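Shared between the two complexes below is chain A, which has chain B as its partner in the first and chain C in the second.
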Partner chain A sequence: MSTWIELFPDLLPGLWVTIKLTLLALGLGLPCGVVLAGLSAAPSRWVRWPVIVVVEIGRGVPGLIVLYLVYRGLPQVDVVLSAFLSAGVGLAFSTAAYTAEIIRAGIAAVPVGHREAARALSLSPLQEFRLVVLPQALRTVIAPLVGFSIILYQGTSLAYAISVPELLSRAYNAASITFQFGAALTLAGAMYAVVSLTATALAGARSRERVL
Partner chain B sequence: MNHPPQPLLEASDICIAYGGHQVVHDVSLAVAPGEVISLIGPSGAGKSSFLRSINWLEPPCSGTLTFDGSTFRGLRDGGVSKRQLQGLRRSIGMVFQQFNLFPHLSALENVVLAQVHALGRSKAEARERALQELHHVGLGEVTDKLPSKCSGGQQQRIAIARALALDPQVMLFDEPTSALDPEYAMDVLVTMRRLADEGMTMLVVTHEMHFAAEVADRVVFMAEGRVVEEGPAAALIRDPQHERTQKFLAAVKGR
Partner chain C sequence: MTVMEHLQALAGGIGTTVTLTLAAFGVGAVAGFPLALARRSSQWWLRLPALAVIEVLRAIPPLVWLFIVFYVIGADFPLMTPFQAAVAGLGLIAAAYLAEIYRAGLDAVPDGQWEAASATGIGTLTTYRKVVLPQAALIVVPPAATYLIALLKDSAVASVVGTTDITFLAFQEARVTLEGFEVFVIAAALYLALSAPVALVARTADRLISRRLGL
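After this line comes the complex of A and B, so read on.
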C-alpha cells in the first residue's frame, strides 16, 4: 500500500497523457468515422468500395502495426510526427474504422420509411442524411460508442511501444528503477480501471435517464 | 360527353419492376385539377407501387409522367435529373401508411423541417405556417410533443400537415388509415374529406370503400398490376361491370 502511495505521483502525469491521447484519437477519429459511415452508404460504388476497403483495413490491421507505420514508416516519406502525435494519428485511424462500422449499423437501423418521407418532402440526399438519418442513428449508437471509447482508452497503452510517456510506460519506467513491477503495474491497472468503470457507470446512468 | 379539363398530372404506360419481376403493367391515368381519385384493389395489385411512382419513390422502368408542363421519363426511357426530381417532389405531397414522422423532432419541428431546408423559408415563417397547418388538422395542442407521445390518428394528421405546409399541387395517400384503429381512422378520413372539399387534387390508395364511394370523384380498380376498371366512384362501387371487380367488392363489403 505504501509503495502504491509512493508510486502514485510518478504515474499521475501518465494518466493525463493517456486521457489526452484518448481524446485526441476520438476527436480526430470520430468525425472521420461519421464521414466514412455516410460514404459507405453512398449510391455510387466508386465511392462506396474504396471506403469499405479503408474501413476493413482499419479494423483488420492490429493497432500496434498502425502505430509503428505512423511513427517509423511515415518518416521514410518525410512525414515526421512526435511520438504523441504518431500515437494519436494511428489510434485515430483505428477509431475512424471501428466507429464507422458502429455508425453504419446505426444508419442501417433507421427505418427506410423515414428516408422515403424525407425524399417525398424533396429534401436533397445530403439533407436527408444530415437532418433525418444521422440524428436518429447517433441516438442508437451512443452506447456502443461509449463501449468503444473505453476499449480505446485501454488500447492507448499500445503507445508505450513508441515511447509515449503514457500511464503504462510511466509505470514500467518507475518499476525498472525500483524493481517494484507488481506494485507499479497493479497500480496502473487500477488507474485504468477506475476511469473505465466511472465512464461506464456515467454512460449507463445517462442512457437510463433517456429511457425514462 | 363533356370534355374533361386539361389534366394536371398524366401517367402514361407506367411499368414498375423489382428485380426482374414486373408488378405494374402499362398503367395510365390522367388526373384533372381538383379531382379526387381512389385506387382500390386486392393486396399485390400494384396500387401502392403505382402511387409511389408518381413522386418517383418507385422510379418506373418505362412510361412517362407529365406534370405541370414537365415530362418525366422512366429509367429505360432516359430517367430524370436530380433537379427535375426535386421539383416534382416539391409539388407533390405524400402521406404514408406508417406515418413516417421523424421521431427525433416534435410535431411542430416535423412540419417546419422541409419548409426551411427544401423551400428555403425563414424559420419564423415556417413556424408560423406549421402552427397554421397543425391547427387546420385539429392539432393545435400537440405542437411540442414528440410523435411517440401522440396517438396514431394524431401522428397521421401531423404527417398530413407536414405535406400540406409545402403547398403541394397534388397529395398522394398510401393507405393512410390502414395502420389505425377505426376511431382514429375516422379523424384522418374527416381531415382528408375536408381537404377534398377545399379542392385539393388527391390520389388515395385505400381499403375504405365508404371513403372511396363518398369522397372520391373517380375510382380505379387494379388487380395483378393492371387497371381492370375505372369510373365515377359511386357508380363503380355500387354497380361494378367487370367480374374481377365484382368479386373484390363482394368480398370487401361482406366483411
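After this line comes the complex of A and C, so read on.
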C-alpha cells in the first residue's frame, strides 16, 4: 500500500493523458458516427453500402492493428502524425464505427407509426427527425453510448504499443526503474477500474459489450 | 514486395492467433460456468464475491491484465511463455464476459420451467441437466459467438508481450520492409476473414432460435 502511495504521483500524469485520449477519440469519432448512422439509412444503395462496409471494417479490425496502421502505415503515404494524435485518430475510427451502429439501432427502434404520424402532420423530413425521431432515439442510445465510452477508456491502453505516455506506459516505466512491477501494474489496473466502475455505476449502464 | 509476399510473412501467425483465441475462449467457457452459478446464487456469500470478480475483470483493460499475468505472476513462473500468459490473461477476462452471457441464458429460461422441475422433485442436478441447460444452451450461442469475435480482436494485444501472432508478424514485416501501410491492411483483412465464419454461426443460430420460439 505504501508503494502505491509512492507510485501514485508518477502515474497521475498518465491518467490525464488517458482521459485526454478518450475525449479526443470521442470528440472526433462521435460526430462521424452520427453522420455514418444517418448515411446508413440513405435511400440510395450507392451511399448505404459503402457506409455499411466502413462500419463493419471499423468494428471487425483489432484496435491495435488500426493504431499501427495510422502510426506506422500512414507515414508511407506522407501522413505523419504524432503518437498521441495517431492514437486519437485510430481510436476515433473505431469509435465512429461503433457509435454509428449504436445510433443506427436507436433510430431503428423508433416505431414506424411515429414517423408516419409525423409525415401525416406534414412535418418536413428535418422536423420529423429533429422533433420526433431524435428525442426518442437519444433516450435508447445514451446507455450503450456510455457503455462504449467506458470500453473506449480501457481501449486507450492500446496506445502503449505506439509509445504514448498514457497510464499503462507510465506504470510500465515506473516498474522498469524500480522493479516494482506488481505494485505499479496493479495500481494502474486499480486506476482503470475505479474510473470504469464509477462511470458504470453513475450511468447505470449495466450491459456492456467487449469491443476494441 | 508484393501483396503475396506480405501475406506469406503473416500467414505463419494465423495458427497462433486462432489457437490463442480458442484456448482463451475454452478457459473462459469452463471457468465462466461456476462463476455464473455463483452470481445467480441465493446465498450472498457466493453472489457478492462472484459479482466483484466479474466487475473487476471487466473494468481493467485486457493489455493491463496481460501485463499483470506476464510480469507480476510470471515473476514466480520463469518458464511461462508469452503465449501461456496470453491464454491465462485473456481467459480470465473471457470467464467474466461468458459468465454474464451464461447468466443471461439461465435467466431466459422461463420461471415456470424451474417451478415445474422443482414441483416434480427431480433434484437440482437433474433440473439443470434435463430441463434448464438444454434450453439455455441454444440461447447462449449467438452472444457467445459475438464474444468469440471480440476475443479474436482482443488477442492482438498478446503481440505486445511477444506472442508471435498475426499482429506480431505484421509489426516485424512492417519494420523490415518499411511497407507498413500494405502490411497492416493485409493483417486487418486476415482478422476480418477469420471472424466471418463465426459471424455466420451467430446469425444462423439466431435464426434457429427465432424459429424455435415461433417468432
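Odds and ends about this structure:
As a convention for this text, the second predicted complex is superposed on the first by the 199 of 212 C-alpha atoms of A that agree within 3 Å, B and C clash if a C-alpha of one lies under 4 Å from a C-alpha of the other, contacts with A are read in each partner's own complex, and residues count from 1 in each chain.
Definition applied: a contact is a pair of C-beta atoms (placed from the backbone, for glycine too) under 8 Å apart; a residue touches a chain by one contact, two chains touch by 3 or more.
As the structure is a prediction and not an experimental result, all values here were calculated from the model.
Superposition of the two complexes onto chain A shows chain B and chain C fitting side by side, with no clash.
Contacts of A:61 after superposition on the shared chain: chain C is touched, whereas chain B is not. In the superposed model, A:33 makes contact with neither chain B nor chain C.
When the shared chain is aligned, no partner comes close enough to touch A:14: not chain B, not chain C.
Seen from the CA centre of chain A, chain B and chain C lie at an angle of 100° in the overlaid model, rounded to the nearest 10.
In the overlay built on the shared chain, the residue A:139 is in contact with chain B alone; chain C does not reach it.
Of the two partner chains placed around the shared chain by superposition, chain B is the only one that A:127 touches, whereas chain C remains out of contact. With both structures placed on the common chain, the touch criterion links A:90 to neither chain B nor chain C. In the superposed three-chain model, the partner touching more residues of chain A is C, compared with the other of chain B and chain C. Remark: least CA distance from chain B to chain C after fitting both complexes onto chain A is 21 Å.
Residues of chain A that lie in the contact sets of both chain B and chain C are absent, per the superposition on chain A. Remark: chain A residues 111, 113-114, 116-124, 127, 131-132, 135-136, 139 touch chain B in the complex. Residues of chain A that touch chain C in their complex: 57, 60-66, 68-69, 72-77, 154-155, 157-158, 160-161, 168, 172, 175, 181-182, 185-186, 188-189, 192-193, 196-197, 200, 208-212. Per the touch definition, chain B reaches chain A in the complex via residues 55, 57, 82, 86-87, 89-90, 92-94, 96, 98, 100-104, 113-114, 117-118, 159, 162-163, 166. Those residues of chain C lying in contact with chain A across their complex are 55-56, 58-65, 67-68, 71-72, 75, 93, 97, 146-147, 149-157, 159-160, 167, 170-171, 174, 178-185, 187-188, 191-192, 195.
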